[in-house]
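The structures considered in this document are given below.
Look for subunit A in each of the two complexes below; its partner is subunit B in the first and subunit C in the second.
Here is the complex of A and B:
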């Protein structure tokens, strides 16, 4: 048979396999986005975009959202990396237990976890009680309804998304590489910077992009733990759509958020390319 | 500064190491002189890997002393020992190019980048890979990766070179050419080398001396010839080469086995045990003229043709079965159940000492 024909047939077969998923995504995802985009232009053409960009308040909220997302990402990275190194050195049973503990939060509803944080951080909550009992503070202080509460809660929720990709890339590293580095004269710091980090950078970037992007769109945590004091973009969108019934403005804010998320993705993709230059992919072995 | 001419390159004294309740190494004593190629040969689980990791500095001994060229290194970290090591699966850094891999130990020693690149290039030239510097390890074949690992291990002029079963992942022909190459490089650099393997043939080919290790102790230490022809225990005899081990009672003429074979031998002993290597037995159709001291009649039980030579199992009249190995000759192949004559020279019946721990029979 003609080789060309064979190739076309193979492609057609592949297309047939992905078409149900494509149809579903197109109908339920792509089509609504297009609809949303047209909503934003209703009546005022691109006037809504001009309003968002020129409004000090909404730009500040965007900035605030980005700032919180970055803080959460950095804190999670600092927590997850050593934890991933630690878990990769455990026995198989130890790993199973560690993963069970890490994954429990993913199996419980975000709402439940948020309420748990409200209890934990409340005026009569265990943290305030312990601090008073220790004499660190005289009277209970406000922990809930603050940015601290939002960041703490988000850090907790996002941790698995950071940990899993990092652990995945660390556990693939051949242990003899660390022996080799040691034997060739590398100290702990050199081994870390020259061997461990470069070989796990892909996992780090994957975790960073997941946590960053998910953090940009969080709603429940800032709504319940922020007590109205922590404005983030998702709250603003909800307000425009729910309270002011200004669907066009809500859509515009969403579109801008989407652009920010896409830019974030592209930056991380670029960084990944740069760090993983030329090398035949480590992850593929 | 100790006098280098009279100190051994590596000296292990009463080294012990146990993991939990398992004794991995018990009382290892070993001296390796400068420029020597020493092989540590043992089956898996014998303790040879622990011994290697202990010399490299990845494992610390429970007790004992380890010195490199007279300097006590018992508790020194791996990086301080100046040892180049080739790992079983090479352990090349996948994110660094070939050249960067070879530069790594030099950069860790604070050489300038330019000097490191120059030295690394000449090390790569020594293993004929000078044009591969910009590639990544995954883009090289197994043999090429091996040579990069070797270049990386010697580029910083280490005091010892350790090779951890480096040829086990290569196919047979590549392995033989790599063995030659390693041997040449080692000789040209006059580098003291410790080679770990479980492959007895490899050990015989490569080594100045062989240390046979089993159950955490060195069973015998000697040149390949000594190890092959004068094994000091049944463990060693069985591990190196093939062997016929015959037991019996000592009589004034020689050793008499339970089935009645009498084996005369050149050197007397009273161990009640004799080793005969399969290639030392002559097999003929008619009783051999010129009469070796030991002559037996037997019947061929089986024949295995291996190309260059043929291996026969022969039932000797009375009961014992001997393995005989002779050069293949198409004219005189023996068939199963054919009657044959076996002759063994006195000198080839080698008394085999009993292991110290073994109970006398």
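Here is the complex of A and C:
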């Protein structure tokens, strides 16, 4: 039988298999998003971009969203990296327990987790109780309905997204490299900075990218834990669409948010490539 | 053979004990907030006090006795089931396609299919509302189910593509060599072997839809899914009914997790 014909048939078969999913994504994902972009560029709508840029409030909101996303990402990185190192050193049973503890909050509804944080940070919640009992404060203070509450809750929600890619890259490292580094006279610190960190940098960047991108679009936490004091882009878009029925402005803000997310995503992708190249250079010299 | 324990032992640094303490504090940070809702859900009073002054099961009774809570739950189960079935079927075919052929294109296609993960749900909601408003699909349950299918698809594809890459295709080829048609070979040889991946994918798809708030909020008009009902409850009246609902959801997740862990032979990392 003709081998080339068979190969073409196999390719056609594979194409037929992927096409239903691609059709759905095309019609109900890429098309509406492209449509949204084009609508914001039509006629009077284009003026909305100028309004967004010249308005102090909306620029402030964009800046605020970015700032919160960066804080959450940095805190999560500081929490997740040591935890990933610890988990990768555990026995199989220990790992199973650790994953159980990480996946349960990840799979629990965001609304449930947000509510849990409202209880935790409430005026008569456990944190206030403990602080009063310790004598740190005299009377319960306002912890919820603040930026602190939003950042704390987001840090909790995003932590698994940071941890899992970092753990993946650390667990793939060949452990004999650590012995080799030790054999060559490297101390704990230089083994960490020159073996562990360079070999896990891809996982770190994947985690950073995921947490940044997800944090930029976050809605539930600022809406419920912010108490109206923590303006972020997603809330602004919902307000324009839901309360003011200004769908054109909601569309423009969405397009700007989308562009910010894409830029963030691409910058980190570029950085990852740079690091991979840099490592090859170090190895060859 | 590399022993997992020795993996990072070479890193004999003085702070090893400290790392353990730090890590367990982070675990507490991850899990403790969820446990806080348990006593609240059994609270006897109607306001948020921790620990509650008295205990009762009245908030569970409120939930099960309330038509609006039950309607919202049933609607979310309906939407979640339809989105799960659609996304698992489409995702399975897609994963088969990119792992069996299209060698040069499969990487790019997989990335394309994962795009819904990085688009903020508020942006997707505004886009879908504009489209569905034109098509007259706003305010229909199947409109929400279709939008959720798009959001579930990336998770399904990640899990199933990983499962299919591990699976040895030669077994399917052998079955075909022995006279089975490809369809029979896939149904009787391939699917049983990636059953645990299929179940994980279905579970992830279902909770993705079941928990989704923003898209459902934009695309529903008067009725609401369970997350919408929870959101309104937290925003407007915040009584412990929401705590009872939370505890029921957490219990469901823990049970599902035990089942999936057993199916995956205890290898929790495969679920991540």
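Everything below uses one rule, namely that the second predicted complex is superposed on the first by the 257 of 285 C-alpha atoms of A that agree within 3 Å, B and C clash if a C-alpha of one lies under 4 Å from a C-alpha of the other, contacts with A are read in each partner's own complex, and residues count from 1 in each chain.
The rule is short, and it goes like this: a contact is a pair of C-beta atoms (placed from the backbone, for glycine too) under 8 Å apart; a residue touches a chain by one contact, two chains touch by 3 or more.
Quantities reported herein were computed from a predicted structural model and do not represent experimental measurements.
For subunit A, the partner that touches more of its residues is C, with subunit B and subunit C as the two candidates. In the superposed pair of complexes, A:53 makes contact with neither subunit B nor subunit C. Look at A:199: by the touch rule set out above, it reaches subunit B but stays clear of subunit C. Of the two partner chains placed around the shared chain by superposition, subunit B is the only one that A:184 touches, whereas subunit C remains out of contact. Once chain A of one complex is fitted onto chain A of the other, the partner contacts of A:159 are limited to subunit C, with no touch recorded for subunit B. Touch criterion not met for A:267: it reaches neither subunit B nor subunit C. Put simply, subunit A uses residues 174, 176, 179, 181-182 to touch subunit B in one complex and subunit C in the other. Within the complex formed with subunit C, the subunit A residues making contact are 10-11, 13-18, 20-22, 24-25, 28-33, 35-36, 39, 79, 82-83, 85-92, 95-96, 98-105, 107-120, 122, 124-126, 129, 156, 159-160, 164, 167-168, 171, 173-176, 178-179, 181-182, 188-189, 191-192, 196, 213, 216-217, 219-220, 223-224, 233-234, 237-238, 241, 247, 250-251, 254-255, 257-258, 261, 265. Touching subunit B in their complex are the following residues of subunit A: 174, 176-177, 179-187, 190, 194-195, 198-199, 278-280, 282, 285. Within the complex formed with subunit A, the residues of subunit C that make contact are 2, 4-14, 19-20, 22-23, 26-27, 29-31, 33-34, 36-37, 40, 48-50, 90-91, 93-94, 96-98, 100-102, 109, 112-113, 115-116, 118-124, 126-131, 146-147, 149-150, 153, 157, 207, 210-211, 213-214, 218, 227, 230-231, 234-235, 238, 242-243, 245-246, 249-250, 253-254, 256-257, 261, 266-269, 271-272. Contact residues of subunit B toward subunit A in the complex are 56-58, 77-79, 81, 83-85, 87-89, 91, 93-95, 104-105, 108-109, 136, 138-139, 152, 156.
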